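Note sheet for the following structure.
Read from first to last, the chains carry the letters A, B, C and D; within each, the first residue is number 1.
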Amino acid sequence: MSIKFPLILINFKAYSQSSGKKAVELAKVAEKVYKETGVLVAVAPQLTDLALVAQSVEIPVFSQHVDDVTPGAHTGHVTLEAIKDAGAVGTLLNHSEKRIRIDQIDSIVKRAKELGLVTCICANTPEVSAAVAAVNPTMVAIEPPELIGTGIPVSKAKPEIITKTLELVKKVNPEVAVLCGAGISSGEDVAAAVKLGTVGVLVASGVVKAKDWYKAIMDLVSPLIK
Amino acid sequence: MSIKFPLILINFKAYSQSSGKKAVELAKVAEKVYKETGVLVAVAPQLTDLALVAQSVEIPVFSQHVDDVTPGAHTGHVTLEAIKDAGAVGTLLNHSEKRIRIDQIDSIVKRAKELGLVTCICANTPEVSAAVAAVNPTMVAIEPPELIGTGIPVSKAKPEIITKTLELVKKVNPEVAVLCGAGISSGEDVAAAVKLGTVGVLVASGVVKAKDWYKAIMDLVSPLIK
Amino acid sequence: MSIKFPLILINFKAYSQSSGKKAVELAKVAEKVYKETGVLVAVAPQLTDLALVAQSVEIPVFSQHVDDVTPGAHTGHVTLEAIKDAGAVGTLLNHSEKRIRIDQIDSIVKRAKELGLVTCICANTPEVSAAVAAVNPTMVAIEPPELIGTGIPVSKAKPEIITKTLELVKKVNPEVAVLCGAGISSGEDVAAAVKLGTVGVLVASGVVKAKDWYKAIMDLVSPLIK
Amino acid sequence: MSIKFPLILINFKAYSQSSGKKAVELAKVAEKVYKETGVLVAVAPQLTDLALVAQSVEIPVFSQHVDDVTPGAHTGHVTLEAIKDAGAVGTLLNHSEKRIRIDQIDSIVKRAKELGLVTCICANTPEVSAAVAAVNPTMVAIEPPELIGTGIPVSKAKPEIITKTLELVKKVNPEVAVLCGAGISSGEDVAAAVKLGTVGVLVASGVVKAKDWYKAIMDLVSPLIK
């Protein structure tokens, strides 16, 4: 299925808690919350689980990364075509844990459009957010790396970073949707993020490491239920 | 299942012909040949298809690549644990299309052993083959890059490279099995490779791009049927 | 000395013709042309020749690259502080032969400003030019990679790329100066580039491989002499 | 000049204390100690200072890194030819702060031999030391990364790593000289290293950050004076 906003995008990273069979389980919990609340929850499982997860759920599935190569002799690389064949609707790109070059982002975004795939480009500063917005992705996710995994939400600890990002991105390209991430773990954090003007959040450990996935995701979507 | 020799290891690369549903189909053909002949055929599908393929067949499934990180906050990376969770028995490493560093190979091989996973390290020259043998992997695959994808088999075009590789590898570490690759597409090429002293082959386009997968794989295993 | 526009910036790359003692010779020829014509010519010698060239001439000397690290335990890396200590006024960044990430460009540009160093960021497309302009460098150099080293000047073969780059860059950040490069080898190419709205050119093989350096550089600056 | 053993090789890294003019000063102090004691001291200044330092002293000058490219259109890269033109006798390679791939080490070592240049390959474990020895460099320097910059000398804290490295390297290639590094700062550390069977040390902060360079280097060479 396609994406819509507001959006809660769960990045499974390479956590053991969300690997293999557990990736399918977590994706099914996300799907359940979506069906119950109507707030869209999307998942980005590990690369190795992508096809298996995508065929198991009916919510949008993202790849965590794509390489700037086309199908062919590229052992160990991930193509846009492969994630589409696997059933993904799009991909995260340039996460702070997997940065790529701006010419690669430009190339991948252009090709993703041709293939009908969605792109969510991560950025560490307002200036970098503006820069990646200039290559016309679907979304930009601002994530100050120093807050990632801390439980200290960017939307509350550094709202000025989000405000400045929105200002710079909208000036460069008003059609790009802005998500925020880093330290998000509660509905309160999501509410603060949306109030600042973002259309959703990128979340990882806040969900993946939660003892009760259903409860954690339900908490995140709660301020977005209409 | 575990591996044994002789071994035909099929690398699906990022070819469109072996992506998504077709990855499962190709793996099933490989499995069929194994069941009919007793010659072990293993497959290395794209990363995105790994879990899906591994749960669909009972032959050994390899990852095409693994990153030198442990489970955790590593967006877009592939861990040994993830490929194990996905059902793989091991991984290719350092393919000419995805070279990594020797300290990373050393680290991954050591951890793979602890996890009971098999490693097949690709190398481009006899000297590099000897180098990677020094870190004690399960297998080394010698592949002169200039022959990859050409259809000109290394086992016939440059037998002296295989001979020298075997000599240097055995001197450094006699327990390491040696495969050869590059240009392999027929049973004749496999027979030549085994006659030189290797225990099998790494093959990609010779199978993946074949019009008839069953026929192509059956031809490869034919000289190995007892 | 500081920079001014129009500017002819000569990239020595890793050409043997401009290495070691010949780097100093070529820089002195560039200096001579500047002194005779008043048109500023700057040079970017190989990293290994940087300090030697910088202490030999009184025209602006650029580094070809800088790594995103601060002084310290970084064997084999090039810091902004090192190029400043060597006598450079600034650096090229993100050349098509040495691409770096956008977060690194952002970080280096911010630190370069603090150190009083000039930055010239190369870009391959109008969109990437706009992207790098968003991090506020001194200059952007648009260079379609397919024309680099061909002798086919971008300013004449693909003027629309320069026009679109100027349009997008000026919209994102009107304070960024735009150079163009790729295939530039004559005064005619420079005149065309300046007429389109750029403030100068980035040139490499057109000068370095010329039989007569003085004649080649004099030809380039000729349309800019007042 | 050429190298000989025992050897004290000083890596200037990217320290501000050994940058620009101070690089020449430090190299001259090293030269002075060599002339007074006959114990060879070599220096590896930052890339940007290489030509300037090499033309200022008569002791062996090493590059800290070389890229696996030949002279040509390679902006921001360092070639073997460039360091030779700059006056270097050879290069460090694969330092823990600048790791490269084994196929690149193989390629660079082969070309360095043709050019009459010396190679010193750094390695982090005994197994990696054996691996790099297999591509036939002049020297291998074993440096456990966890001790680098600590002042805790590997020769005293982890002698078994050196012993095992010597054993594995000699088995793979008895012609390769073994240095050790990490935490070395005194003559006592050097004496311990040589007693274990190495032919010298790789040292960085222990010298560069010393208040009195002459005293620090003289202390290092003291146990080697005949």
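Keep this in mind: contacts are C-beta pairs under 8 Å (C-beta built on N, C-alpha and C of every residue); 3 or more make two chains touch, one makes a residue touch a chain.
Keep in mind it's a predicted model, so treat the numbers as computed, not measured.
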**Fill in**
Chains in contact with chain A and also with chain C, listed by label, are none
**Prompt:** Looking at CA centres, what chain is most distant from chain C?
**Reply:** B
**Copies chain B and chain D touch via same or different residues, half shared test** = same
**Request:** Mind checking the centre-to-centre distance between chain C and chain D? Centres are C-alpha means, answer in whole Å.
**Result:** 33
**Request:** Let me have the rounded angstrom distance from the C-alpha centre of chain A over to the C-alpha centre of chain D, please.
**Result:** 45
**Fill in**
Whole-Å distance, C-alpha centre of chain B to that of chain D, is 37
**Asked** Which parts of chain C, given as residue numbers and ranges, touch two or more other chains?
**Response** 96
**Asked** Is the way these chains touch best called a line, a ring, a star, complete, or other?
**Response** ring
**Fill in**
Every chain pair meeting the touch definition is listed as A-B, A-C, B-D, C-D
**Message:** Which residues of chain D touch chain C once you look at their complex with the stated criterion?
**Reply:** 11, 13-16, 19-23, 44, 46-52, 55, 63-65, 69, 71-79, 81-83, 85-88, 92, 95-98, 148-149, 204-205
**Message:** Per the contact definition, I'd like the list of chain D residues that touch chain B in the complex.
**Reply:** 94, 96, 99-103, 105-106, 123-125, 127-128, 130-136, 168, 171-172
